[in-house]
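Here the chain labels run A, B, C and D in written order, and each chain numbers its own residues starting at 1.
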């Protein structure tokens, strides 16, 4: 590729990247500005004095340490159970032949279209009936199956050549064993990706967690962001500080998992 | 152990309900210990047949026997077969060693063979309780302990045995040095051999190969061909392999089965089949350069090719199809005069092309005849190497 | 409204000739109560302080477990959910119209009998600011289903430094507001004045202009000349560039701190967001039109059905919160105002106000009781608020003419 | 492979699906059925689970409400713009990232960042970026000698701002999927095309796109559904439905109906209608895929 094209590619990508990360830059710098600097006119690029206090103050608004602990627990169990149910379902949809399979799948697919806001009251009642209100399981269980991920993993499973399945059958491998010993290892990246996506989702969820938790001991990070909006204004600087606190762990996790992500959603992860 | 297919049929029906007959009432006996080629043009149902033998497709009709045992209902893994796929289907995430070990790890029998048989154990226990206080008891006790002794540290033995088998099979297909590689690091030929090793590992009663050579380049194909033959000889396993390449099939199989549109055409040893094809299809399908065919008239016991009498036959008057092997032509002083339009040297033979009855004909003649393109020669047909078929293609003589 | 006033009268009577009312014979000793609220930050701390004080001092050793449940919307959502599932807290904070919704569940306790209970009742009930009493009894059946808790009102915030520098007078009437604003805009070239809550603007100014809004029988009066005139007054100002709305800033405290506006009408509870080191600010009574009207806002506390004991205990806590000294403490520590007249005279409060630490407290408590107006309470009153807010917004943004906007708003709710 | 479904395979499939189905049924389908049921009452008391007057009144009401149509219009526009544009942009970026050049990994990392954001926090950041006076966007515009735009305060621009925010938020995932797709394509196709002397554009149109079509189909379906359900973005950006409700979306409307103005029945009806709309759209989508996708 000649240099002119190289230069074009790089410039385009750089501009794009800047657009992508600017809001983060703004949030993070915002978290060390004063309230008035954030809304400063003309635009304030960098605080006169770095307000680390913001973090201190923000962290005093709510017990973020407990929240962090809970968030990790919730995200962890949620992710692993989700992976389990997703693997099973995706396998059934991609490898098991039974009448009405595709119909069932599109029915499930259509549940993606339900605005979740409509469901939460009924679900709240269910959670109460299950006597799980204000417990961590209440934050975990309702999200331990996702047709979205099943769809994704099914796409990937479909890429695994059918002959592997036949071969394994001849080699005396049961469906169950085939799933765990052949498909799962080959879908490693896809699973890591789905895991990460799910982890992020459950990390950022806040409407439901707030609804079903009633005491600080059971609450999660994203709820912490609620504390900074009052009835007559918002503590921007604190909210941004808190926002940074919430996103930071994800950022780190992501940097670890990122190399799998591309392969994760890649079709034909293995050549047929 | 023979494989017997009785009236075996497979009908596929797609979503819209259309049915296609892939295999049609097959009756074949594959003799024990032989290497049998399942031959036919693509789509003739040979792979389907193989998969039914393997137990991956269930027949729509008919039964399959291994020896006297009806295996039609038995699932693939319990049939004691080894299957090699066209594209090898090696497990990408496993090393060669793990690939070979996989079938063994899945085999209950293999695992059981390292554990004390619970039945036997309970027998011993009963005996011991019966013999309470009886001097006999000591002896039984001893036997019992001895019996158990064999199964001490079974895990280690299991591992050792596994490794031993892996090495043996790897040796057979000589890939010992590849055991720790991943399939992606192997050449086509090597993958092929690994696939065979994996199939052999659990020492199957039957070895099935689906187009095993089609993914290899010409040289490798010849070589692997020989290897497969060697392996089969060495192991003596009844082997069925599917191919569409008649040359390949002829060269290695002890028995040939030719299929067309799911219908059995002929079963025989390659040479016999070549020498006496039962129908026009077989005649045309075998042999390279392919057999030459002419529409002829049989009038008062003579084969007439455009008012030239070729041979006398003891047949009623009718129109028929004459098939002549290239090598069945001979150059004579006084025969049908033809004009040579091509001359090729194939090894020691000489292939000449000429037009007869406005159709191109290939003939093999002895090399020392010196012929040039454009020469006119008289040719005739030898007494062997030609066949007559009726309009339906069934052999007349 | 009449009915309500009648009731107030009755109650007033009831309490002046003390001794009537019965005694609740339940035993509140040692119960533990759940209190759901939406107070975070300093307000949250203020509440925690009072709760701690109550848990410490109350002679029945009742324990209150107060927990923050998110903003008002979240809290509302949670209460709806809780009522649906039938597992509720004992006491919670909410706006009147929400409480009116909750009443569908039959799980809201009517407080009248508690209020005039001989032993546990609220002493000197009339000391509680009239507007608050009226509001909390303006449910459709005219009874008390809630008591005032975190109350605020609107004041005019202005840039003291700027006003002095340009020796401007703080406006007290619409006319003055207009002239002063024009003057300021002439200097700064920016809008001079803004109104935080456009629904409040509509409700307040319509009534300041002699018009009516709605009543708790859900009659709608606001498609009136007075309303049109009032809104037109604001819209003209916006078009000529000396008034503005908060819009993207949500609250005008931001622009005010940037000196993009020199004065704005906003809630006293927003004072913590007001102020920058570049200037001094102060607050004054809102300017008035034909009539002196100012909106009272903030939410109330209500009781949910439980055992007799728990309900009584809950009421004891409610009573505690409304006591002069406690509501004063509350006002000092939080962004809100005391709910009792007498609280304003308490030394601690007087001192606090004198300290000038937060001028809005002074202003906020300087309104005459009968100036207060509020949204009549019924489930749909929220829709009405939204409708009129939309009307003002549309008019200001030039989507519709004032008359049209108000007519549409009227049509959308009156059916 | 095996033609007919035996009892055994049913049982097996059932067992494999059981965990997922159990959850999805309890927490998605069951409540959905409930609100579907609720939507046919004229009046329903969610606290007591009792309703009166069975019929289509609620649907009529919803369909008569101006706000509903406004919300539907906005949502439709939002979807119609966000889905194709975000797909095109992300496809372009993916293609650029697919160049074998130094530093691409770093770019990948950056481009995926928005996926991990918390909409509340980042929405706030966007509010400031869009601010008409001291917002970064106008800072750039004026820098380029253009007139500043009143993004969040003007009924004409509110939806556009929302769309920009929506596109920004949606890119990351799409880029990843497409990049993955691109890297999954066998290089031989390209070499073949080179030999055939195809131009870069032809290669893209005739080879890359078709081979990417399953990805594109998947993304389209997913983001179609996603953007039709846009809600958090609205709250994050405006805190309300935008100036004079000019950024009112369907889900926002439903949410308001349910929680703020307490019209559970109407909310239910509205969401059933919405559900229906997306369902139809998706099936059209899937049908189109059947024709155009090369698996």
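Everything that follows uses one rule, which is that a contact is a pair of C-beta atoms (placed from the backbone, for glycine too) under 8 Å apart; a residue touches a chain by one contact, two chains touch by 3 or more.
What you are looking at is a predicted structure, and each value in this text was computed from that prediction instead of being measured.
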item: Minimum number of chain-to-chain touching steps separating subunit A from subunit B; value: 1
item: Neighbouring chains shared between subunit C and subunit D, ordered by label; value: A
item: Winner on C-beta contact pairs when A-C is weighed against A-D; value: A-D
item: Remotest chain, subunit A as reference, centres from CA atoms; value: B
item: Subunit B and subunit D: spacing of chain centres that average the CA atoms, whole Å; value: 55
item: Interchain centroid distance [CA atoms averaged], subunit B/subunit C, Å; value: 91
item: Separation of subunit A from subunit C, taking each centre as the mean of its C-alpha atoms, in whole Å; value: 40
item: Geometric centre distance via CA averages, subunit D-subunit A, whole Å; value: 16
item: Shared-contact residues (touching 2 or more other chains) in subunit C; value: 77, 80, 84, 249-250, 258, 260
item: Two or more partner chains touched - positions in subunit D; value: 1-2, 46, 133-134
item: Per-residue overlap in subunit A, given as positions that touch at least 2 other chains; value: 39-41, 121, 166, 234, 271
item: Contact footprint of subunit A on subunit B as seen in their complex; value: 51, 54-56, 75-78, 81-83, 85-87, 89, 91-93, 102-103, 106-107, 198-199, 202
item: Contact footprint of subunit B on subunit A as seen in their complex; value: 161, 163-164, 166-173, 177, 181-182, 185-186, 188, 270-272
item: Of all residues in subunit A, those that touch subunit D in their complex; value: 1, 6, 9-10, 12-13, 16-17, 19-24, 26-27, 30, 38-43, 84-86, 88-89, 91-92, 96-99, 101, 104, 106, 108-119, 121-123, 126, 141-145, 147-148, 150-152, 155, 162, 166, 175, 197, 200, 204, 206, 222, 225, 234, 236, 239-240, 242-244, 246-247, 250-251, 254-255, 258-259, 261-269, 271
item: Residues of subunit D touching subunit A in the complex; value: 1-2, 5, 9-10, 12-13, 16-24, 26-32, 34-35, 46, 93, 96-97, 99, 101, 103, 105, 107-122, 124-126, 128-129, 133-136, 139, 168, 171-172, 176-177, 179-181, 183-184, 186, 214-215, 218, 221-222, 225, 228-229, 231, 250-251, 254-255, 258, 267-268, 271, 274-275, 278-279, 282-283, 286
item: List of subunit C residues in touch with subunit D within their complex; value: 73, 76-77, 80, 83-84, 101-102, 104-107, 247-250, 258, 260, 379-380, 382-383, 386, 390, 393-394, 397, 399, 412
